[in-house]
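This is the structure I have questions about; it appears just below.
Just so it is clear, A, B, C and D label the chains in written order, and each chain counts residues from 1 on its own.
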Amino acid sequence: MTDYCLELKDITKRFSTVEVLHGVPFNLRPGEVHALLGENGAGKSTLIKVITGVHQPDGGEIVLNGERVHFNDPRESREAGIAAIYQELSLFPDLDVAENIFVGRQPTTRGGLIHWRKLYAEAGKLLASLGVRLDLKQKARHLSIAQQQMVEIARAFSLHARILIMDEPTSSLTLNEVADLFRLVRRLRDEGTAIIFISHRLEELFELADRVTVLRDGYYVGTHPLSEVTRDDLIRLMVGRTISNLFPKQDVPAGDVALKVENLSYPGVFENISFELRKGEILGMAGLVGAGRTDVARAIFGVTPPTSGSIQVAGQPVQINSPQEAIRLGLAYVPEDRQAHGLIPPMSITANLSLVVLEQCARHGWLQDKVECDKAFNAARQMEVRASHIWQKARELSGGNQQKVVLAKWLETKPRILILDEPTRGIDVGTKAAVHALMSKLAAEGMAILMISSELPEVLGMSDRILVMREGRMTAHFTRAEATQEKIISAATQSVSAGDVQ
Amino acid sequence: MSAQTAPRPHRLRAIARFREAGISIFILILGALVALRAPAFLTMTNFKDILLNISILSIVALAQAMVIITHGIDLSVSSMIGLVAMMVAFVMKQSPEFPVITVVLLGMALGAALGALNGVVISYGKVPPIIATLGTLSIYRGMVFFYSQGTWINSFELPRSFKLLSKGTPLGLPNMVIIALVFAALVYFFLNYTRTGRDIYAVGSNPEAAQMAGIRRQRVVFLVYLLSGLASGLAAVLWASRFESAQTNTALGFELQTVAAAVVGGVSISGGVGTVPGVLLGALLLGLIENALPLVRISPFWQLAAQGLLILIAVVVDNLIARSAKGK
Amino acid sequence: GKKATGPLTFVLVPKNLGNPYFDTANNGAQEAAKELGVTVTYQGSAAADATQQIQLINSLIAQKVNGLAISANDSDALVPVGKDAIKAGIPVVSWDSAIGKEGRVLHINQAVLHDIGAIEIKMALDLTGADGGKIAILSATSTAPNQNAWIEVMKEELTKPEYAKLELVDVVYGDDDDTKSYNEAQALFKKYPDLKVIIAPTTVGIAASARAVTDAGLIGKVFVTGLGTPNQMREYVKNGASPEFALWNPGDLGYLSIYVLHALATGEIKGVAGEKFTAGKLGEYTIQEDADLGVNVLLGPPFVYNADNIDQFNW
Amino acid sequence: MTVPSSAEGDTLSKSLINAAAPPRTFLARFQRWEWMLVGLIVIVVALNTALSPYFLDAQNLSRTSSDFMEMGIMMLAMVFIIITGGIDLSVASNLGMCASFMGWLFMAGVDIWIAALAALALGTFAGFVNGTLVARMKLPPLVVTLGTYAFYRGVAYVLLGDQAARGYPEAFTYIGQGKLLGTLLPFSVALFGVLAVVFGLVLHKTTFGRYLFAIGNNENASVYSGVPVARIKVIIFTVSGFMAALAGLVLAARFGSTRPDIGNGLELSVITAAVLGGVDINGGAGTMSGAVLSLFLIGLLRFGMGLLNIQGQVQGVVIGLLLILSILLPNVAHTFSGSGRKLQRHSLWAIIAFVVVFIAFVAFFFWSREAVLIK
């Protein structure tokens, strides 16, 4: 068994009194892609962080190239040749794209000074090989989540590490970027790099990984070559049952127009966006990274009001200048960046869940603890949030569970129009099915849903109609029957010379 | 104070220059208005005086800016200046034959030691910067008092060579101005062309990410406070030389001026953002206001109000320009 | 108040600590303490600020000391706490800077207001010579009551015929801050290129002005005078930037304060006009009363320092 | 490791989360920090009682307590602001401006109560200006209030110049000097007590208070969640302005007069009290009880040191040390008791280097000092 470059033996990890990893073994060979799979909160990210030294294990040992190691912080693991992309993105908002890639190890001239020209040249090359078109001098602050993810990937690749760990790198990427990424990953693998890969998109695992290790509730379930298991096997290993009917959107007769958007523009970001959204309908919005879908959603929700164009809610023309007004009009928006916009990480699950409906938990401004607590408990239960209790801090939750809290929080407002931006980003298959079922149910009850998603199967499966955006413009509009993967991709990538589609 | 070339290729350079445009324009307008009312403003002596007056401020403000870029603040600079100035003055009084250069080094070393204490408490002791330096602000000031027992060192007790350190003009400009310019150039170089310099921005921009990216965050944080102490030590020597005295209340309240110069110069109080030219312009603006108000014969009772108002206007104008630049 | 028995404890309260002027007063006070066989402690706040000074006095009242001699940071703000102290049976006198009349038994006046203003103008004329010329005043803070009173006197003096050639062109404030005073002095040279004299009735301002004159190379063109301490001014008296300046002896002021407190605490005097008492080496004093200062004791005329005598003093 | 059978079942039927609230009684909410402050207060009281016979004297405590009330009044609103991640450096200047305005009006013959109301209005407006610049112009609070710090104090000088306003009627000075009928309790202390309760309740028991914490912990997410962030910021700065003006009235009443430099420098004391009280300077955490306790701690400590004739500067050193050590010591203890992080060789060298530098500094300090002072 000496051909393992990394071996974990009986890793145990506790957070205060709660044990989240119970003696987990894991091994990795050079030149393989080893997938890590498990439900939300199963302990994948924690395991990764134990490997890289973000957390120290409470038990067990880590053997790297035959030697027992102990990392006090990520720097040490990095020096030992391990590079990682964490689930929570960690760019430097005030540094530009190129410098973000090389931070801490900028190329220098012989005199030891930073060689800026070389830095930009190399960053450009790297991004080009990933198929990303980004302004190298743009500050990371202005990047979308997906773009940030690409920069993180570029950074990890530039390290030329012997072990590369990627925790849900594709969670907000679209097919094209994923394809580019996989091409690169394969090349690295062929060069002998060992890769740990985490994703909730099972198709990706089959496409890329050689072996898979499954965790459940912090326990080790098993390791299998992917050639020997089926999708259903994996799901059963993960959740202990099978899940059928992944995209169950029922057909509901569309009702009145709930939201009508006409010629919405924000110069330089998006132009002339027009669409209608009816009650009971799910309108999918597809597009590549940076197509401007999030910006449109934010404009509608009043975060950054559009400079021109009109919005009608239930037939009434409205002016939405702030999220508050949007909420009052019955809109809800589940943002794509849950850390920055969705959650208040240092506060409890309860406080997070009640934040948007705080007035309902209060009488004349005085908080009614009992009401708040009940509301939060029910909401968390319904969404199957996995945590020890509802007073746990949101930042201590696993990524997927955080996403569930954000979803639950917005559903609490009982919106008439729900805008979902990457709603199932980082959510495991089981819960994803539940979320999809929920969306379907809500639509059936008359809610109008605008769903932005980079996961094409989700868009295709859940939407009644599909809009495609490219570079801030609408380029196509399909009904469910017309839409195919190919058509969407082509609309998302090729500019339509004839201008906007109605 | 000429605009230095940014290390980045074209477009960003244009933006970076534009970033300082707001305050530059404001300085020009203010200068023009003052010149109209007070002809004495546009004289060589006056320019020299302004430069002299902002030299010390620039040095400390640059160090303060580095601290602020890491998302910290050093309120203790004024007390460090007070303490080091007193100690240096004591040494000068005791041994007037000491070569001036060693005194400068001594002052910097003493300041660095005080800064290191701040740095340890903040970086390794994890005490929030504002709390730690609010504490050392009064601790170091108390030490001045304890050290001197209330004695002041006066002009006649200081050797001439020491007084000339700040005012001599062997190179055309007063030494102090040259020292400040050299210091600014070094900081500029450090911040833009060394990894450690870039680490300062990285740490301020996202501390956790910096740690993950292998930057020794605590070391960087420690370093900026050390540098802040070092700069304060240098400033203290210049201060004692320029004002030819050391008193228990030397530089009292100066910390707010250094913070003001940095933030007026575009250093973001939430970390990660700030440039050397910006800080120099910030110091220049403050120096200009201080110089101009007496010259234009604004009633002394109005001076403080005018000063505050001008700072506010400068910040607002700068903000509006920056925002309209982003909107385009 | 009630007559204290036992060993007496008096407290000398300066405007703030760490100022040689006040420390010199304390030296005088300690000398008096030794002569009288009493204890004198020297207690001040960190900053020259009324709020802090009141806190300090409250804790001194709580300790039931036998007498307080206070140099007030704010003549009015200290009145209530002074009253409290008197009510608690503690005699309160003010020195150097007065507390409002109701807040103390009497004030120990370093020099007659008028004398100080007059001597400053006289020194200015000495410096300009008979031809006169432009003069400016650089004061401390615009709120300092004694400064303002002196400035008033100076303006009155200037109306006299012998000073007709002197022209007061400006009054500026250096806030007793070295840097600000220096800048204000610099600005004065620029505003008035033919300025002859700067009068700075403040120890901080006079030193800063003299240094500004020296730095600007204006020695012999612009002269500085006013109120200063010998050590601070020694350099500038010798280099000619400030050939003469005035001040009383703060040591004597502290000395006298303790004698007055002692006389009050032992019941030797009650603090009404006309009473007489002897203050050690300083001789006999009479308590007087006038409209501005209320009941007070006058230390004596201010002393003029110049190149001939300055080396006799070290404080 | 095998999977225990309990994990085999249907996830949906498994209870995933617990509502069991951690104890939420008043005492439990009294977190570690507050207990530490209580402990420190007990120590200070015990030490002072042992060292000075004058300390535990109702009359004395009553007299000294009013010395800290202006600070306390401003601190209450400052806690709000700091919890949202902001800061208000202009409070003491605003206090000065309002007190001066009142004095100016009074000297111009306006009835004192009308002048006082006008001063309250001015302070409120000044706070509103701060809030507007912060919330609407999106300028950092530190920058804005650094500007108004100079401006408001400047206005005080413009109003009163070299004059003092004096002669306030007794009915008015009662606010700062009076005691509640028949008791030793100063009116200002009672006023502060009532306000502290109100502010504490608002902070911990209302939606408004919850919003403050939300903003301090994640302002962006608060905006997305429909929290009226801008409005709340304007409100808290306005309240801070009002409280500064109120503190100005109390201080002017206590002084019985106003000069434009009144209350100079108090802002740092106010901030010190708040942060020593456990209010997180980065926003998002803190309690009103902690802040109030720390105010008492500082007051008792200063009074006690005053009784022991400890000089003002030394008192500053003690408070400074207290501020740093109260946070540093628990952190250090935590690090050393910490989880298996062993001391590495280079950190050992660093510690040695630091100690050497420290000793060298101290040695030089005393050597150079004695060379001059003792001769």
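Just so it is clear, a contact is a pair of C-beta atoms (placed from the backbone, for glycine too) under 8 Å apart; a residue touches a chain by one contact, two chains touch by 3 or more.
Only a predicted model underlies this, so the values are computations on that prediction, with no experimental measurement involved.
Novice: What is the shortest path, in steps, from subunit A to subunit C when you may only step between chains that touch?
Specialist: The fewest steps needed to get from subunit A to subunit C is 2.
Novice: Is the number of contacting C-beta pairs greater for B-C or for B-D?
Specialist: B-D
Novice: So which chain is farthest from subunit A, going by the mean of the CA atoms in each chain?
Specialist: Centre of mass proxy via C-alpha means gives C as farthest from subunit A.
Novice: Calculate how many whole Å lie between the centre of subunit C and the centre of subunit D, each centre taken as the average of the chain's C-alpha atoms.
Specialist: 36
Novice: Take the average of all CA coordinates in subunit B, do the same for subunit D, and state the distance between these two points in whole angstrom.
Specialist: Centre-to-centre distance between subunit B and subunit D: 28 Å.
Novice: Quick one: report the Å distance separating subunit A from subunit D, using the average Cα coordinate of each chain.
Specialist: 41
Novice: Two or more other chains in contact with one residue: find those residues in subunit B.
Specialist: 141-142, 145, 148, 151, 268, 301
Novice: Note the residues in subunit C that touch 2 or more other chains, in rising order.
Specialist: Each of 17-18, 46-47, 142 in subunit C touches at least two other chains.
Novice: List, in ascending order, every residue of subunit A touching at least 2 other chains.
Specialist: Subunit A, residues with two or more chain partners: not present.
Novice: With touch defined as at the top, which chains are paired up in contact here?
Specialist: A-B, A-D, B-C, B-D, C-D
Novice: Spell out the residues on subunit D that touch subunit B in their complex, using ranges where they run on.
Specialist: 89, 133, 137-140, 142-144, 146-155, 157-158, 161-162, 268, 271-272, 275, 280-282, 311, 313-314, 316-317, 319-321, 323-324, 327-328, 331-332, 354, 357-358, 360-361, 364-365, 368-369, 371-373
Novice: Which bits of subunit D are touching subunit C when the two form their complex?
Specialist: 52, 54, 57, 59-60, 63-64, 67, 70, 157, 160-162, 164, 166, 173, 177, 251, 254-257, 259-266, 302-303, 306-307, 309, 311-313, 315-316
Novice: Under the touch definition given earlier, write down the residues of subunit A that touch subunit B in their complex.
Specialist: Where subunit A meets subunit B, its residues are 54, 73-75, 78-79, 84, 86, 90-96, 99, 103-106, 108, 112-114, 116, 120, 137, 155.
Novice: Provide the residue numbers of subunit D that touch subunit A in the complex, in ascending order.
Specialist: Those in contact with subunit A are residues 1-4, 7-12, 16-22, 24, 205-208, 210-211, 213-214, 217-218, 220-228, 284-285, 339-341, 344.
Novice: Which residues, counting only subunit C, touch subunit B once they are in their complex?
Specialist: Residues of subunit C touching subunit B: 17-20, 23, 46-47, 142, 170-173, 177-179, 182-184, 186-188, 190-191, 193, 207-208, 211, 215-216, 231-232, 234-236, 238.
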